[in-house]
Amino acid sequence: MLKGIHPLLGPELLHAIRTMGHGDHIVIADANFPSSFLGPKVIRADGVDAVGITEAILAHMPLDTFVPEAAWRMEVVGDPTAVPEVCATFQDLVNRLAGDFTVHSVERFAFYEMAKKAAYIVATTEFRLYGNIILKKGVVHPHEVYRVS
Amino acid sequence: MLKGIHPLLGPELLHAIRTMGHGDHIVIADANFPSSFLGPKVIRADGVDAVGITEAILAHMPLDTFVPEAAWRMEVVGDPTAVPEVCATFQDLVNRLAGDFTVHSVERFAFYEMAKKAAYIVATTEFRLYGNIILKKGVVHPHEVYRVS
Amino acid sequence: MLKGIHPLLGPELLHAIRTMGHGDHIVIADANFPSSFLGPKVIRADGVDAVGITEAILAHMPLDTFVPEAAWRMEVVGDPTAVPEVCATFQDLVNRLAGDFTVHSVERFAFYEMAKKAAYIVATTEFRLYGNIILKKGVVHPHEVYRVS
Amino acid sequence: MLKGIHPLLGPELLHAIRTMGHGDHIVIADANFPSSFLGPKVIRADGVDAVGITEAILAHMPLDTFVPEAAWRMEVVGDPTAVPEVCATFQDLVNRLAGDFTVHSVERFAFYEMAKKAAYIVATTEFRLYGNIILKKGVVHPHEVYRVS
Amino acid sequence: MLKGIHPLLGPELLHAIRTMGHGDHIVIADANFPSSFLGPKVIRADGVDAVGITEAILAHMPLDTFVPEAAWRMEVVGDPTAVPEVCATFQDLVNRLAGDFTVHSVERFAFYEMAKKAAYIVATTEFRLYGNIILKKGVVHPHEVYRVS
Amino acid sequence: MLKGIHPLLGPELLHAIRTMGHGDHIVIADANFPSSFLGPKVIRADGVDAVGITEAILAHMPLDTFVPEAAWRMEVVGDPTAVPEVCATFQDLVNRLAGDFTVHSVERFAFYEMAKKAAYIVATTEFRLYGNIILKKGVVHPHEVYRVS
Amino acid sequence: MLKGIHPLLGPELLHAIRTMGHGDHIVIADANFPSSFLGPKVIRADGVDAVGITEAILAHMPLDTFVPEAAWRMEVVGDPTAVPEVCATFQDLVNRLAGDFTVHSVERFAFYEMAKKAAYIVATTEFRLYGNIILKKGVVHPHEVYRVS
Amino acid sequence: MLKGIHPLLGPELLHAIRTMGHGDHIVIADANFPSSFLGPKVIRADGVDAVGITEAILAHMPLDTFVPEAAWRMEVVGDPTAVPEVCATFQDLVNRLAGDFTVHSVERFAFYEMAKKAAYIVATTEFRLYGNIILKKGVVHPHEVYRVS
Amino acid sequence: MLKGIHPLLGPELLHAIRTMGHGDHIVIADANFPSSFLGPKVIRADGVDAVGITEAILAHMPLDTFVPEAAWRMEVVGDPTAVPEVCATFQDLVNRLAGDFTVHSVERFAFYEMAKKAAYIVATTEFRLYGNIILKKGVVHPHEVYRVS
Amino acid sequence: MLKGIHPLLGPELLHAIRTMGHGDHIVIADANFPSSFLGPKVIRADGVDAVGITEAILAHMPLDTFVPEAAWRMEVVGDPTAVPEVCATFQDLVNRLAGDFTVHSVERFAFYEMAKKAAYIVATTEFRLYGNIILKKGVVHPHEVYRVS
């Protein structure tokens, strides 16, 4: 562990979000998501839920303000207006930690297509169905990094 | 870059100090140090000085309080009581960021022997001679990591 | 995830305990343990606690009955008779899932020496100090594996 | 071996089906199937028959209920309505272990095309011709995984 | 599969015994043997029993006639004169396929030491305890290889 | 070497033809063939002629009876009806070891295109020009493999 | 470090610009640039600013005089005529070290497309937004290399 | 193949003897020699006999004149004064191609010890027992290399 | 070094031209050629000029007589009829060592396209501009290789 | 090539001497030196002589002034006081480019032992016997590196 850094970020995930730049995407995937065969590098987070990983990433990674959409979730198959509890929690987390962003819903197979273009996929053991979110990294400004006082 | 994390920590160095545990050592080496052939994995920090890297590491990594010594510098060859300016700066940094630790001086070849057993060596472009320091990681307590408020 | 298998066992950890044989050791290490530089292959379990991983492993892996000791914890430095709460939980888990085994305490540096000879080290984010345990795999008997009824 | 897990699942195959997610395919191929040059990663199961591997996989992996077809076998060349004995056994196994799914027959070269898109191919030593099956993984629900009682 | 070659020999195992020379050892290990951490390269034979693999190897590999001993099994712990059924089968196989060789018994930990010096370890799913054998390759004479008539 | 196996099959070539399945191709190439840059994995057979390698492969690998053509040679540039001596030998070998198959001639650049899709290319030191042949693997039936009597 | 060579050029960056030839491009990217997922090999320069790296490269690498454009910067989003201070510094550096070249501005996404075709991307920790530049290597003439006098 | 170079030298073997220097050893091993587990890199020459490989190597590689012995063969087990026919051929070849050197005989296990220290082992399919030789490379003089006339 | 082989051919380059077959191309590139990013494997020949490497290759590799063109050089930009001195030397070398072949000139970017399809690029330190040549390997006939007399 | 850098330093050799630090050794070896099997990483410089490489390295790398000896050559076997011409040239070069250092002679096998501990061995095609030298890197001072004026 490290001081001042979210403890859910292991070495590989820290490395991953540190390499990401403005506009790169990261997928936080639930336990049933087909993470391993879509193309992007997979970071295993077995035993951790998607909400925890999302919190950990948003603690240190801003969302993109240059574009109208910077966060997406998977639409419920057969019930496009439903908002599962885990998705409502994603929306709350985004508002608390990243700002006034809407987590947009995306049809299942279109979501897979978005995932194929991401920088990384984090494979969690989130039990709840539809516990998937994609985040787009924004610009980090100098005043936001750690400064020795 | 990432919010709340020292900007001098690139992906590889962040990964490195996140993998270190209680009692592991890291060497921050100057531009003339024989970093590449001592054994430990080398992390290049070309163009950065040793003081900057030391500050960045101490910003997130505590020193070990279980043992009497947790930081060492290389003794000046032929002048064992000398304290080069860069070493005085190391001592100041340690006191400001890590606590009441003495940076102990170690004879040149004994310092190389210690370096051989370190977890990592960070190869900086510190111009100043004797700009080398070894740090021993301490325990990180739960209240020290990032917590979402 | 898979049916009938503990969900905390990700692909790498499942693979690991499946390759282990009679008498091989696995270390479940807390967040401060120096896991990466002792020698054995490290399996990251960032964000998971040591008790959860121990439960998951014991759900599928028996302890060794051929020898007098098959489980060990790290002795508290400076207080060899103390039994930290996390260690008491280890003992309960072992009794519930593996049988009548004592989790023996081992002095800190002797524990490191044992860890160097293990098959794997699982690096958890267990916050509690002394949240480390070593388990010795026993023989699996034919009636214990999955059988299609 | 491991307690409660089918013994035909070696470390690599366990790892494979644990990485698969909702909608991913796995091919269980007979001894004459051109497994090695179609693209997907091959897991060798030399000396084991296809029925055994299919049983082992279905013991821990559900089939997909979101789509009309979740299992396929290769159609006999020149006799499209034939149902070889090994294929009848596949159908029985699927019904016993996975539920009310039909194992659909697919023309030989179309079957190869499906195999090219699978996550894995398991190369068995099934002697019987047409001893090939493709399975599509379904969603695993929380009540289906191992739970410590 | 290949004509005239034992079908239990997959590509990796065929490659292995073809690389072995006069005096090299191969271990056929049961499902509980600690195969993975002794040093030699491991060839997985999950789902196959040790007797089948031994038969397949002896079908194509002679034993060494230059030395007094060319085959060994593990002695039963606590009962050094016992001959488990699987070991009797090993002895029969050796006599039928290799000639008049005794399968010598070796104490458990001495057997591990021999295994560490082998060329390969084949990890089977032999359920029967003590289902382990070490074979020493002999010289292959020109009249023994395949000849086009 | 191994008993009952053609001695020209080294470990890598044995491994190769064991991985091939029904319908896969293997190229046996002469000393001037551009083997290394066509795509398939190359197995070196320096110092061996193409006829010897073809004999060794056909000793253990059947040709495909499901399709009208299962063996091809390169047509002489500028003399399409010529049958070089090495090609006549290929035809004899095929008839003796594989059955009633014609070795069809293919124009030089079309032959290269076929070679690009093969599973393997065996690069021999066959001196004779046009000493190249492509073989298509057939089905191996249970009665053709090695059986312990 | 080396005599007569710019100290900001570490081993990997020296290696990189030495492998580049006439017409190859190198990107010097700021701290927010999405360096890692565009395709070219990334050279980390964490802790160094883009102006320093540009100076170091131009100290040893000429720009291309065969074509009308040999240096490019990213256009400010929403303000195409703006010239950020860091870009003015790039222009000064180019004029001082490389000659009479204009640093042309390129729209953000077109700049990404150019970056995808570069030989290397150097990922700096330049804090200033738009601190990105692409340089095209020119011909090195014999009189320009080091000569022992 | 290449002009003026022995055709039995494939790419790997040519590379090998070109990297060898004054005093390095190469083993040419028969079909029963335990080539793969002694340590040195193995170059397969399946299907070629040891005499052919020895001729090919001596065609381009001189033996060492700085030391009293530069070539060794394995002594017949149980008959130390025997000179098998293949060994007599080795002696003839050495005399014809390398000069007035004796091929010294070495006891079997001492020969293995010498082989462990060689630069390379060439694994031939030499059928004749004791068809093994070790050669020590000498100095190549300028007048011996290829010169354009 | 080796007897009878051109000394400028190091292990890697010898290996390369030995793997090439009839019709494969090799590029010998000058010090400014963009060798590293065109695709083919690059063999470094730093410190050697292109004429020396061309001589060394032609000493052992014939040019292709099956096609009208087997050698090409890069046309001078802006002066298509110019014949730089280094190119005249290439033509002389080809005539002396390979026979009556013309070294055809090819426009710069078309030359790059040809280079992308070559088997190898040899990166020399030829100072002279336009010191680039592409050679197409021909057939080696049995009487051209080394023969023990 | 690069401006202001010795052209004989290719990418790998530049990288090598840039990674070396105070006290590390580099061997420049002649064409007969057994470079490949002593342990250190080998950098090929086929076609270049040892004097050229030594000049190139000394152009950018200082020798060590902290110790009494910083350069060594191999003693002539059987004539310890001889100074071959190539060695005299080494001494001249060292004096011209590095300063007042003696190139000490070392007995052949002791020289090999020193070479085993070097950081790198550069394998040249120096024809002259005894064309070997070992150099010990010294400290580079800030005023010696490249500075933009």
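Lettered A, B, C, D, E, F, G, H, I and J in written order, each chain numbered from 1.
Everything that follows uses one rule, which is that contacts are C-beta pairs under 8 Å (C-beta built on N, C-alpha and C of every residue); 3 or more make two chains touch, one makes a residue touch a chain.
Listed by chain with UniProt protein names: A, B, C, D, E, F, G, H, I, J = Ribose ABC transporter.
All figures in this text were calculated on a predicted structure; none of them were measured in a lab.
Asker: Could you tell me which chains make contact with chain B and chain G both?
Answerer: Touching chain B and chain G alike, sorted by label: A, J.
Asker: Among the chain pairs H-J, B-J or I-J, which one reproduces the interface of B-G, with more than half of its contact pairs identical by residue number?
Answerer: That interface is repeated by I-J.
Asker: Measure off the straight-line distance from the CA centroid of chain F to the CA centroid of chain H, and report it in whole Å.
Answerer: Centres of chain F and chain H (C-alpha means) sit 31 Å apart.
Asker: Just give me the whole-number Å value for how far the CA centre of chain D lies from that of chain J.
Answerer: That pair's centroid distance is 61 Å.
Asker: With chain centres defined as C-alpha means, what is the inter-centre distance between chain B and chain I in Å?
Answerer: Taking the mean C-alpha position of each chain, the two centres sit 51 Å apart.
Asker: Using the touch rule from the top of the page, what residues of chain G touch 2 or more other chains?
Answerer: 1, 7, 9-12, 19, 31-32, 127, 140
Asker: What is the complete set of touching chain pairs?
Answerer: The set of touching chain pairs is A-B, A-C, A-D, A-G, B-C, B-G, B-J, C-D, C-E, D-E, D-F, E-F, E-H, F-H, F-I, G-I, G-J, H-I, H-J, I-J.
Asker: State the interface residues of chain I toward chain H in the complex, per the touch definition above.
Answerer: 1-7, 9-12, 14-19, 55, 59-62, 96-97, 140, 142, 144-146, 148
Asker: Considering only the defined contacts, which chain C positions touch chain E in the complex?
Answerer: 19-24, 66, 119, 139-140, 142
Asker: Residues of chain H touching chain E in their complex?
Answerer: Answer in residue numbers: 29, 31-37, 77, 127, 129.
Asker: What part of chain F is in contact with chain H in the complex they form?
Answerer: 1, 7-13, 31-32, 44-48, 52-53, 56, 123, 125, 127
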